Amino acid sequence: MTFWKQAIEIARVDLSVERRTGDVFRIVIPFSVIALLVFPLALGVDLSGISLIGPAVYWALGILFGMQVALRQAAADTPERRDLYSLLGVDPAAKFAGRAISGSLLTLGFFSALLVAMLILYNPRLSNGWVGPAIASTVLAAIGLTELGTLAGEVTAGLRSRTSLASLIVAPLAIPLVIGGSQTLEAITRKASILPWILLLLATDLALAVAGVGLARPLEETSR
Amino acid sequence: MTFWKQAIEIARVDLSVERRTGDVFRIVIPFSVIALLVFPLALGVDLSGISLIGPAVYWALGILFGMQVALRQAAADTPERRDLYSLLGVDPAAKFAGRAISGSLLTLGFFSALLVAMLILYNPRLSNGWVGPAIASTVLAAIGLTELGTLAGEVTAGLRSRTSLASLIVAPLAIPLVIGGSQTLEAITRKASILPWILLLLATDLALAVAGVGLARPLEETSR
Amino acid sequence: MTRTRILFALAGIAVAAGLWLAFTSPTDVVQGEFSRIINVHVPSMWVAFMAFGLTAASSIAWLLRKTARWDRLAEASAEVGVLFTAVGLFTGMAWGQAVWGRAWDWSDVRLATTAVMFFVYIGYLALRRATPDPYARARRSAILGAIAVIQVPLVYFSVNLFRTLHQTQSIRPDGSTMPTEMLIAMGVNVIAFTVLFAALIAARLDVAKAELAVAPAPVQADQGITPPRLSEVEDV
Amino acid sequence: MTSLASLAHVGVTLGESRVLNGVTIAVSAGQVVGVAGSNGSGKTTLLRVLATLLRPRTGEGQVLGADLGSNDVFGIRSQIAMISHVPAVIPELTLEENLVHAARVSGHDMDRVATALRVVGLEGVMGRRGSASSFGMLRRAEIARLLITRPKLVLLDEAFSGLDSDAQALIDALIDRTVNAGGAAVVVSHDRAQLRRATTVFALSAGTLEEMA
Amino acid sequence: MTSLASLAHVGVTLGESRVLNGVTIAVSAGQVVGVAGSNGSGKTTLLRVLATLLRPRTGEGQVLGADLGSNDVFGIRSQIAMISHVPAVIPELTLEENLVHAARVSGHDMDRVATALRVVGLEGVMGRRGSASSFGMLRRAEIARLLITRPKLVLLDEAFSGLDSDAQALIDALIDRTVNAGGAAVVVSHDRAQLRRATTVFALSAGTLEEMA
């Protein structure tokens, strides 16, 4: 049970640190909401299709900006702190799990803010019963995105070009998440089954979790 | 003339740090292509309007880049480095100018790559004579977005220890930039005058420059 | 060196045979002469898949063994894989232009996922360039190499997941949907491309070894650090 | 005497510089090993190898029974502690929260936190954030962390620096306690006086260790 | 003797803690002022006030002719230099590039960089990145920076720490040169021996300064 104890303790501390600095709240959310505004503006007011593309824009921006939330966490991991955790006997896999937990919660917070903004700005026509699937797919996508961000952050730890390189690595690997997320809402509209998409998200999350936990030890050494 | 000497030296060092990492060519360009790929995937299979949303996606990604500038600023400007610059007699306003110059050049590089990729991948329907205005509005918007990012970064770094919502106010300043940028292309399509939009961009750039230079000293002090 | 030459000679013979079959085998009824592109398009993609699989396998081997050979193999394989992906993309786009009337189509997930796979491995190569220390580079890229391979099944199964323009697999456990002659031509080409792949890898490994030989020898870290020269303080 | 750590012909290369070049050393229980050497000679690197944070490129070694090349190191790391040039403290957390975090994550009793804070003289300011603490306060907080986790192998990289003369006695107390409990300490310092507790003193130069008189 | 810096009844509050509480001090040309005090007593804070990086909440002061409350401080800052607990170096740049950058930005002759690197003994490793340098190498690079910019008021916050015994002489040389050129130095240290050059030594405690015997 040390594993979960360590993971939860790390997640707890990460969240309390973020609560005190608040970059997600101060920078990522406002900028992403502005990005949401761009579409109606650039498409021209007369375009009636604005309410149609709402969900798609939500997913695209959510993934691109949400990535930054996960990557920020990785950036806070200075070499001194990595050494400290190692010598405190923290299992790298537990650290990965803890990071994934706290990052997922933050990313979820970000997605919620974005979702509300999207609903207000785009007033999309959604079929009945969209709430459950939307929440489920958002949660799963947030988890996957965070896992990816944490992994990419570790791989690029200590590199100067870190943020951009990590973005480059995360963005393509995030494609299954985008597909799964956006197709879930699509499927409801078309009254098709959402199961395959939810399963795709779930499978991606699990694969990333396995990769993260399995590769945690070699990853831990990458920055050295 | 010390002002410009300092500003240019700071820009030079910023750029040489970036150049070493090979960011723009090896990383940012592939990233922009992938980001462009994310949108169509999120939009799903049916949307035929891909060529319509090209410009909107273009501007949304521009904002993303501006935000990255902000986050990077906030992270790279450690207290030690701020003190160092102060005691080297660097005028805070010159520092802002230098950061804005290097950032604008990077953002412009990003926008150029993005524009080319967008044109190839999205094949948007553009009216004749779009090139000049597109370049003009891109340059102006790139400058504005970078100024904004730099300002947001300074405000966040400066006010980190305080609980302040000041940085939340910065992001909305992107709205005039985005309106100006997207409406310039709109205007050509409608064969309307692009002048008001170019002027809007110019005015915003100037206002941000004045704010950045004027607020540099007080901001520099609040960080302590 | 000789190994590389022999492999290239074999690849030359095999590719020549493949091309001959490609131009003599019967064509598709609907697509006409254009269907011959299949003999380059499909083997390229399959070899690319194999290359990325090999990158993943050697990455894992590096993580287990930490010997530089596996790292060099992973790199060589990724580079060659990117090359073949490019060939596959290019032939696909040419084919699309001929039979669909356009080179690229957004509504097709196979196309998008293939492009993404291409960029994932561009990212892998970028990560390698960004890391100067050889050991750190090996470790970092091994991890990415092991993760990035999930892109391969995504590309492969994308046709089944979505309604696409692009063809679904024509070779399946339950039998093939292609005429036998076409199948034979393609089979020979797959073999030829595989031999070519092996030859390219061998050549890339030779280059890597040559680079290693000219790499500067490390210098003792504290060699350039001297006691201060106090007498010269006034000269500054 | 049981051997707690030993390196045999260890070489370390970072980037293009060869930092350690055939280092052989043995640290047994109860020993205090001093290491001296000029700037950039590789003292910090040596400590990082002993801390299992850096794997030797050549040569062999074992620390607390774990082979340095193997994955066993993950199991014994919690019994090693290092104080580095720059204190490792999470700046957004208070000093107390930092110690509680360290105790929780390493599975130690949280009751020790209050006592440790009192011992290092930070009881009255334990609510101050890391970012609002002076350098010496952070150093003391690190010592408190070592008192809580009771490592077997203590690695001190100029740990005296930044501590006022009263607080420097804490380092001696820490060393004593570790040694008495059957552990060992490796102490790096430029000041011979601070190496006075050392049972053996080595000088590091050109990547190799040599015993000093 | 011209006064280079003077504080009168200066008080500083950071967060909820009153750090300085009526500090009065005068530093004149040619003087070396030593400051001692226990951890957390406010020595670093005092140096930051003298560096014009922190404005006093109460009281008055002037440094190099600029009133601490006014905007004149921006004009005289380039004549002040401080060495802090943690070396300030841009990690992505090489040691040489760091110094060139500092020289350029402060309008000094770039020719001095090579000489300064030679003086501090880093000529052979000037191409090494900040991130690939040892703590003491960064300290030496900082001293080189001060040699290049020739400040009138030098503030040293435990600047000896991390330097090997040869390099510690650099600090003395730096102080001598500053003083001989009509400047002054304020030296903070926990080690009385390192304050030997001080013409006056103050002890800081409970937020006030007191001259020591």
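Should a chain be cited, it is by its letter among A, B, C, D and E, assigned in written order, with residues numbered from 1 in that chain.
Quick note on the criterion: a contact is a pair of C-beta atoms (placed from the backbone, for glycine too) under 8 Å apart; a residue touches a chain by one contact, two chains touch by 3 or more.
From a predicted model like this one, the values you see are computed outputs, not experimental measurements.
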| item | value |
| --- | --- |
| Common touching chains of chain E and chain A | B, C, D |
| Same or different residue numbers at the chain A/chain B copy interface, by half rule | same |
| Farthest-lying chain, centroid of Cα atoms versus that of chain E | C |
| By count of C-beta pairs in contact, the leading pair of chains | A-B |
| Centre-of-Cα separation between chain D and chain A, whole angstrom | 37 |
| Euclidean distance of C-alpha centroids - chain A vs chain C, Å | 29 |
| Rounded Å distance between chain A and chain B, as computed from the means of their C-alpha atoms | 23 |
| Residue numbers of chain D (touch at least two other chains) | 14-15, 17, 38-40, 86 |
| Numbers and ranges of chain C residues touching at least 2 other chains | 109, 112, 116, 119, 123, 126, 130, 223, 225, 227 |
| Interface hub residues of chain B, defined as touching at least two other chains | 17, 20-22, 27, 30, 34, 37, 41, 47 |
| Chain E partner contacts - residues on chain C that touch it in the complex | 223-230, 232-236 |
| Chain E residues within the chain D interface of the complex | 14-15, 17, 37-40, 44, 85-86, 125, 128, 132-137, 139-140, 158, 161-168, 190 |
| Sites on chain E touched by chain C in the complex | 112, 115-116, 118-126, 137, 140, 147-148, 166-167, 169-170, 173-174, 177 |
| Footprint of chain D on chain C - complex, ascending | 132-133, 135, 216, 218-223, 225, 227 |
| Contact footprint of chain C on chain B as seen in their complex | 21-22, 26-27, 30, 33-34, 37, 40-41, 45-47, 50, 121 |
